[in-house]
Structure formats: C-alpha cells, structure tokens
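Before anything else, here is the set of structures, which you'll find just below.
The following pair of complexes shares a single chain, subunit A, combined with subunit B in the former and subunit C in the latter.
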Partner chain A sequence: MSALSMQDGRAAGKRLRLPFDLKWLPRAIVLGLVAFAIFGPLANLLLWTVAERWYFPHTLPLEYGFSYWAKVFSPRGVAWESLFTSVFIALLAVIGSLALAIPAGYALGRLKLPARGLILLVFLIPQAFPNLPVYVNIARFFYDVGLNGTIAGVVLVHVTHGLVFAVWIATASFAAVDAELEEAARSMGAGPFRAFFDVTLPLALPGLMASGIFVFLESLDEFTGAYFVGAPDVQTLPLLLYTAGAGGNYQIASITALLLLIPSIFFMLVVERFLRADVLSRIGH
Partner chain B sequence: MRERTIGLLLAVPAIATIALLYMMPLLASVTGAFETEAGFGLDNFIKARDLYTTDILYTLLIVSASTLIIAAFSVAIAGYLTLGENPKAVAILRWLYRWPLFIPFIVVGQVLRTFLAKNGLMNNLLVAGGILTPMQTMSFLDWRGIVIAFVWKQTPFVTLLLAGAMASIDRATIEAARNLGASRLRILFEIVVPQVRTTLFVGMVLSFVTMMSVLSVPLMISAQSPTMITADIAFRINAYGDYGVANALGMISLIMTMAVAIFYLSHNLKEKAR
Partner chain C sequence: MTSAAFLAVSDVIVGYGGNTVLDRLSLSIERGEFVALLGSSGCGKTTLLRTIAGFNRPQSGSLTLAGRDITLAAPDKRNMAMVFQSYALWPHMTVAQNIGYGLKLARKPRHEIDARVEEIAGMLGLAGLEDRKPAALSGGQRQRVALGRALAVEPDVLLLDEPLSNLDARVRLNVRHEIRALQKRLGITAIHVTHDREEAMVMADRIVILDKGMIAQQGAPHEVFNRPMSPFVAAFMGAENIVDLAGVVEGNRVEIVEGPSNRRAMIGLDGRRLSSGRVEARFRPEAAELVPASATAASDRNGAESRDEDALTLLGTVEQTSYPGGCWRHVVAVGAAKVAVDAPTAIEPGTPVTLRVPAAALFLFDAPGRGAEPVPRLVAA
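For the complex of A and B:
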C-alpha cells in the first residue's frame, strides 16, 4: 500500500517536473528578447564611446581606445563646462519647483479647496498639450525681456515644466499621509507649522524626494526648451550631444550620452524606494 | 472658510507660474497662428496644409501606433509582474524592464540612431548570425525608427505606473478567480485591467502628449520628410524665422492632443460620477 502510493508520488513528481523544465524555454526566449531589445542599443552606445575606427560592414569596431575621452575631458574640452551648466540648472530647477509644489501639493492633497478639480486641471494642462509651441513663443517673449540665452531663462522653463510632476506627486504624497496624525499632533498642542514640519512633511518626504528626482532628471535631460531658449549661449549636455551627433561625431555624442545615462540609471534603480505603490496609485486622482 | 483661503494662498504661486510661463506663451502660439502680414487670417494654415499634410498624417500615425504598442507591452509586462507564478522570472523581468525609464529622449535618439542604422549593431549581428546578407540589411531610420524609439522609452514609464496600481488592488478577487479555475490571461483582462483602467489611461495620455512634444527623437532619427510636425516647427523657425507657419503647425498638434485630453477628461468625469 505504501509502496504503491510512493510509486504514485514519484510518477506525479515526474509528470510535474518535465513540463516545469520545458516551461523555462518560452520564458527564456521572451526574457532573452526583452534583454536584447533593452541592452542591444545600450551596448551599441558603449562600443561607440571606445571605438577609434568603425565603419560598414564591420560588425565590431576595428580599433579601440580612449582618445575621444581624452579629447572630451581635456581642460579645453566642452564637456566639463556643459556638465557644470547642466547640473547647476537642474539644482536650481529642483529648488524652484519644490518651493512652489510643496505648499500647492499640501493644499491640494489635504485642504478643502474651492474648485480643487479645476486647479488640478491647471497643472494637467502643461502635460495635456505639446510643449513645443510654448517653447517657441516663450523664447520670443524671453528675447524681448533679455532672458533669452541666459541660465535664468532656462531655469524658469525647467521649473515650469517640472512643476507638473512636482505638484502631482506632492499632492499624491500628502494625500497618502494619514490626516489624523496631524490632527493628533494639533490636539496635543502643536502649532500648525510644527505639526506640518514634524509630522506631515517627514511622512510625505519619500514622495517629495521622488518628485525632486523627477524634476532634476527632467531638467538635466531637457532638450527642446534649452534648444530654443538657451542655445547657443547656454550649452547644456543635451545640446552638446545634439551638436556633436549632428556633426557626425558619434564618439563624442556617445560619450556625452553616457554621461547623461549615469544619473538616469542610478535613479532608475532607486526610484521604487521613494515612490511607493500607495502614492503611485493616487497620481492623477 | 479660513482653510479654503489658506489653501488658495498656498496654491497661488504655483498657479501663477503656470499662468505666466505656460498659459501666456500658449495663448501667444494660438494668436500667432492667425497672424499674417495682412492682419489676421488663415494664410498660415493654408501654407501649413500645402507643405506639411504628409507630415501631419505621419505624426498622427507614429504617435497613435506608438501609444497602442506601449499600452499592449505595458499591460503584458505589468500583468506578468502581478500574476506571474515563477518568482525568478518575475524578478528578472522586474529588473529588466525599467532600464530605459529615465534615459532621456535625446540619448534614446542617439542610441537608437546607431543601433538601427544600416551599419548598426542590430544589422551587424543579424549578418554575423547568418540571418541576413549585408545586401539585405536595411535602415530603420525612418518613421518606424521613431516608433521604435518612442516605444523603447515610454513602455517602462507606463509599466511602472500600471505595476504600481496593480500591486495595490485587492488580491482576494484574483485568488478567488484562480481557485475557480480562471486562466491567468482571463484574470488579467477581466479582473486586473478593469481595476487599473484609470491609471492605464493616464499613462497613455501622458505618453501621447509627451511624444507629440519630443523634438530630439525625430530630429536625430529621421529629420527628412516624412517626419513629425515637431521637426517641421523647428525647421520653420531656424531656417526662415517663420513664426506664423510654425505656430499654425503648433495649433494642429494642439488640436490633436486636445482631442485626446477631452477623451480622457470625459472618461474621468464619468468615472467620478459613478
């Protein structure tokens, strides 16, 4: 009796194991294709950054080397200046948009507002229309007031652009913080500012950090606004990349692209630590 | 009453910024589209129609096709992340899918320009693998390249939103359907996707508008006609300083996205009314 049931068990085990192994075949093929679709283009970029000579029909570069890196990062090279300009603009954009988004997000996420839906809609509008016509006309306006071709002009454009993400995420983060905690602090005698800075703000901080990260990256990577408002006087990294690529210099374009990739990939790896599911599910509501 | 005043005061600076630096230029682009040398008229639109009808249609085709492909891919990936039963495969996919998430469009343009070219790594590997001969290789650097670039970049974004929304829905209904013998595909389309519909629409609308605004990808992958309106707008301004036709083209892209935004809002209102 027991031998029979053992045999049954073994047979069942075999029947289960075989399809299990076969199941990995389609999975492996699909995951392999996804991996190729994602890493193939990135591998191509990496190859270009170290290719000294590479032309059709050679599968791989003919010579490898770092001479273009030396050229890009030489003291007279443009990369350092562009990198500094880009990071400086991005930091100012984060400060500007968070200073505007934290009060607005708190009001929209926590307080009873007249026409709250309409106000949320106002912040939807920059995402609901293509930005290009706006940048074209903002450049014209900035030209008249002397902001065209200045860092301040580019920062203002990036703050406006980043405000959408910042306000939406800040609203969702404040809405996700339990209002009773603040009320408890108030009833124990804390003033409204103390309750906000000691209770609500720390709890909403991960979401706010995420919105800061979004604004920083959006600014660092932004091309269109800088192209119309900044160029050619303010040379950010994306503008440098575009100019090099348009001139057919794929090595310098690829090295610049790699510089822009590093912060992007770093933030990609950490974003879910800041943006929790309960905040994500509230975005757009 | 006091709370309302405070709330408004807190929101006013942000609203004012949007009004001054977004709404005003937007209005200027609308009025600019009708400004001609002979006063207000439709000349810019007639010129835009004569020169760019093909590009307008291609823009619509590229952006719509990309949005639908992005939606399909992100439902598939987020669905597998939610319902997948093999923890190892789920973990690998979760690690894989989001690499392009924050890669800027300008970098996507450069990366895919090299990858999809006739002598790019994709064709080179296909030739090296004996699948193609060098004569058979073709460049994808046309409207298809733009679609590939958009899908490559935007799918992780919509997937991230969707996977987040799917993770916060009630597992009990899924388990119940599973116990009653429903297939995972059926659970995905009949239980999971309906519950994250709003998030999916938000992701699709945001992607649609984003793609309508991206200048770098069309400039870098295929700036020659047929291309997207964005590349034409930049060309009108850089080559001719022609703000009239540029703004008319801008208006056309505004109308396209307005249609999408109205669709989203009416859907949202219906949802709220329920």
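For the complex of A and C:
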C-alpha cells in the first residue's frame, strides 16, 4: 500500500518536471547580459577591424576585408611609428619609476606599521584629483621649461602616474622579504649593498617585475597626459587611436585598439603568474 | 673584568624607545668557551646576542673582540656568524650556495669553495642534498644548513639564537650533543641563547642567567645549579618549592626556629648570604626525602632532642600523588605551602609525612619584603 503511493508520488513528480531546470533561467539571463556587456563592445571592435563598408542601419558590415590593416601597417603609415614611440616611452617610464620605487619601497617595506600604511595612503592623494586639470597645469609648466612636446615630458608624466602603484607594489614585495634573511647575509660578511643585491632584491623581484609591468601597461594606455604634454609632436598609440576615432575612421581606430590589447593581455598573464597572493596580502601590512 | 678576555661586553645599555632592555651589562668570554645565555622570554638574552652581532647599537658601553673595539663596527665587519632561530636560509639559493655564500664574499677561488662546502656538508650529514633548495629540506636539515653556513666562514665567535627551539624533541637531543662536539673539535667560541635550562646545562661551559636585562648569576652549570645566589636563579634552576621559615644567624650557622610545620635545625651558612629574620627556603622535588610520620616518630623519641644538624625537617600531609615516570611525585601540604616531592614509592594521600631536605640541597634566602626584591614565581621552561 505504502509502496504503491510512493510510486504514484514519483510518477506525479516526473510529470511536473520540465526538460530543463527552471531555476537556472534567471542566472543564465544575468550571466548572458553581463557577458554581452563585457564582450559586446569587444565583438563590435573586432568586427570593425575587418569591415570594409559598414553604415547605418545595417547590423553587420556590408563588406569584409583587410585593406585597412594594410593601410595601418604600410611603410608610410603612422601606426608603426606610434607603436615604437609608445613602447619606447613605456620602457623609459618603467625604468624611471622602478628607479624611484625600489629605494622608496625598500625603505617603506622595512618601516613599521602604522607609519607605512599612512605614508602609502598619502601617496594615493594625488590620484584622488581629476586628471584633466592636473595635466593642463603640468602642460603649462612644461611649456615654460621646454618639456612640452618632448618624449622626456611624456615619460615624466607617465612616471608620476605609475609611481604610486609601483611604490605600493614594491613596498609589499620588500615587506614580504624577512629582514632576518638580510641580517643573515650581513652576518656572513656581506656589506649592506651586497646583502641587498644578493638576498633582498632577488626575493622581491617577482613583485618588482609585476610593478614594472603595471607601469608599462599604464603608460601604454595613458591618454590624457600624453595628449596635453605630448601632442601633436609625440604621437603615442592612444593619441593615434583618438585622432582616428574622432575623424570617424573606425577601422583604423579599432585596429590600433587591437594592437594595444596585445601587450595588455600578454602582460596580464605574466602578472598573474608573478604576483603571488602572499605579496599582495602584504600591501596593507 | 680582565683585559685578556677574548670578547668583552662592558657596561652596555641597550633600549628600544623608552624602555631599557639591557641595563649596564658586562660580560667577558674566553676564546674557545661555550657560553649559554639563559633566561625567560623578555629578559634581554636575544637583545644581548644581537648587540654582540652588531644588529643592535648600544646607547652606551663598549664591546671588544680580541682587543679590537667593535662597539660601532658593522655586523659584517665583526667576523662573527649568527645562526637564527628561524634559520633565515635564503630560499632562492641551493644548500651549497647557502653554505658557500660567506666564502664567495671572501673571494675564495671556486674550487676551494666547492671543497669546503663538500667538507661541511659531509660533516653535518648533508651530503647529497647540496643541490636542493631549503624548501625541500626537513626542519633538522635546515637547521644543519644554517649551522653549516655559519661554520663555513670560520667565525671568531659563533652566535646561536635558540637554534634548536624549532626542532622536535627527539632531534633536538641529538643536535645538542652534535653542536657541542663540533664546537669542541673546532675550538670555536660560541654564545648560545636559550630558554631551556637543560639545553644550556648540557651544552655550555658557562651559564649566564639573565633577568630583566641584568646578569642574575653566571658560572659553570653545576655551580649555578647547586649554588643559586638568588631566589630567581633558584626558581629557574628548578627549585620551585617554597617554604617560609624563621631563622637566626649565629656566626657561620643559621638556626631555623621551630615552627608549626618544621623542626628546629642548624644549617651551616656555607657562603649563603643571609640575615636573621624571615627566611625563604627553596628546594627541588627530588632533593627531599619523604618518610611517613609514623616511621620517624619512633626514631625521634630515641634522640633526646629533635634538632637536625645540616638538614631541615618539614612536617606535612600528602595531598595528591602522580606518576610522571621514574618516581612518584607527591604534592605535600606543609602549613599553607604546597610542595612537590619525589619518592620511590607512593604514599597514600592523607598520610602525615616528614620531609628531610639536606643542607646541600636547601637554598635559603632572606624572605621578600625584607628589603630584598619580591621574587616572581616562574616556571623554568
């Protein structure tokens, strides 16, 4: 009797069940929307890079091809030059900010809390101001000293921009290296610099590399400062992108954007490998 | 202090911020001596070691090594090598690179470094592990690498900062003897910081007991153990049983006045610094002889006077027994005090007993509150 009713119940349950579980539906919709919000513009960008003709009201390009790629990468094209300028500036910005961030980060990393946290917070204050008025003022000052329109000027702007994060990450990396390891080297007869270069620096290197990559990517993408200080004499990739985009030249703008994406993605993977959780966790400590 | 001392610490004051960690501390160490700095945590023993190593700068006082003033010398200019409690091995270097680092700094030729590293690795039982990174070693192996790294540079003074505290008990016992044997064989001067009394006793030629940044007592292990100069040292050396008595000093003897829980006794002063008045008596659990009161009562009646020569007799009641191994431990109530006493056979709780403490194992001090400083009760770890 009871076995029979259980069978009935199971049969009733089976009848009600749909081919898919309904409770998944809202999640699927939300995830789909998020994915569209993130990847939609990227898909649009990718389409533009291979569109020969595309105008309103057509949803998809009318004609596909690579003629704009040829145009961008032609020997007379500005893309190569801009790419080299951008990479050159980014490398100089990395060297400049690391040259400052390594000693600063080392000093801060060996400092005791809460002094360390407070100083790091103070470093963050300039970031709280809107970029635009800051760069306009820098540009005015650079005009006076003749740095406007020079690579050095743009590098300087990018160094100050990247320095905050470089110092933060370098501080965390140095703080993660136990001071006793350095003392052990001193005890074995190493001078202060030798101990630093043999022990502390190699152990902090992953974090410092991440910090360098961060500055590199920031510099590569930076627009506002480069626009006010560099343009039109110094043409970086974001400036090229802006000119192309503003001129309605979406193909060239999209291809340039794609170029900017390559180092970003590559270095993101490297950063992910090098920035270990234990280094990151030291930032606030 | 003799000027002939190999390493001399003179009137050194070290402090962090407002508080003084080492207070006018002086210590001299002979060449080839193994000295243990013993004390509970916070007594300044590690600070003293780090001051000798050059990581702490004294506010005043001086340090000399073999006649050379090293008070302001950098840590790398002292020819000392320190073994850290955490071992502080460099994780990015192999065992061989760790051990050979000091030699590399000394610009020794490559083949000489390799030979020395091989020799040290063989001596410390690390042969075959030279290419491993520290992360791939066991605790005991890491400790050996840290020791080997310090020995490789042939330091004038080897500084050991609780190097055994991170090892498990069984390994620790072996390493104690190994380090001691090695130190003797190589004739190195060594300073060993520890909070483990037994470790200090087994390893050191001389024990220096530190308390609140000052030397409480120093001497050979048996001297410190058998002749503690203060209640603090007595407690640190395991004499944690305390009984309050009254005493009258006469010439070179002290008469312990009969009390509710002790008999009258005459104890030779024998170098004890004591004055008449309340007396704090301390002894170790194994020092006292425990006898049921019924057994002694008969013999006492034979002696006309119940007065003990060179031994103190206490009267009490057994409260609790336990068997920690080897012998039975009794908790005995002697008046208001509770003392621990070892005996080969168990005596039932509730039994009245007498405790006989021979004068040689009885430590007498002026009771605290009589001008002397109060003594913190502490457990010798």
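For this structure, a couple of remarks:
Criterion: the second predicted complex is superposed on the first by the 236 of 285 C-alpha atoms of A that agree within 3 Å, B and C clash if a C-alpha of one lies under 4 Å from a C-alpha of the other, contacts with A are read in each partner's own complex, and residues count from 1 in each chain.
FYI, a contact is a pair of C-beta atoms (placed from the backbone, for glycine too) under 8 Å apart; a residue touches a chain by one contact, two chains touch by 3 or more.
For clarity, every value in this text was computed on a predicted model and none was experimentally measured.
By the touch criterion defined above, A:Ala176 lies against neither subunit B nor subunit C after alignment on the C-alpha atoms of chain A.
Legend: residue contacts after superposition of the two complexes on their common chain; A:Ala104 is shown touching subunit B, with no touch to subunit C. By the touch criterion stated above, A:Arg186 is placed in contact with subunit C alone, subunit B being left untouched. In the superposition on chain A, A:Ala90 makes contact with neither subunit B nor subunit C. When the two structures are aligned on the shared chain, A:Met209 is found in touch with neither subunit B nor subunit C.
In the superposition on chain A, the chain among subunit B and subunit C reaching more residues of subunit A is B. In the overlay built on the shared chain, the residue A:Val154 is in contact with neither subunit B nor subunit C.
In the superposition on chain A, contact is made by A:Leu260 with subunit B only, not with subunit C. Those residues of subunit A that touch subunit C in the complex are listed here as 178, 180-181, 183-192, 194-195, 198-199, 202-203. Chain contact summary for the complex, subunit A toward subunit B: residues 23, 27, 31, 34-35, 37-45, 47-48, 55-60, 100-101, 103-104, 106-108, 111-114, 119, 121-138, 140-141, 156-157, 159-160, 163, 167, 217, 220-224, 227-228, 238, 241-242, 245, 250, 253-254, 257, 260-261, 263-265, 267-268, 271, 275, 277-278, 280-281, 283-285. Contact residues of subunit B toward subunit A in the complex are 3-4, 6-8, 10-11, 13-15, 17-19, 21-26, 28-29, 32, 86, 89, 92-93, 96-107, 109-115, 118-122, 124-125, 127-128, 134, 152, 160-161, 164-165, 167-168, 198-199, 202, 205-206, 209-210, 212-216, 219-220, 230, 233-234, 237, 243, 246-247, 250-251, 253-254, 257-258, 261, 265. Within the complex formed with subunit A, the subunit C residues making contact are 53-55, 74-76, 79-82, 84, 86, 88-92, 101-102, 105-106, 149-150, 153, 159.
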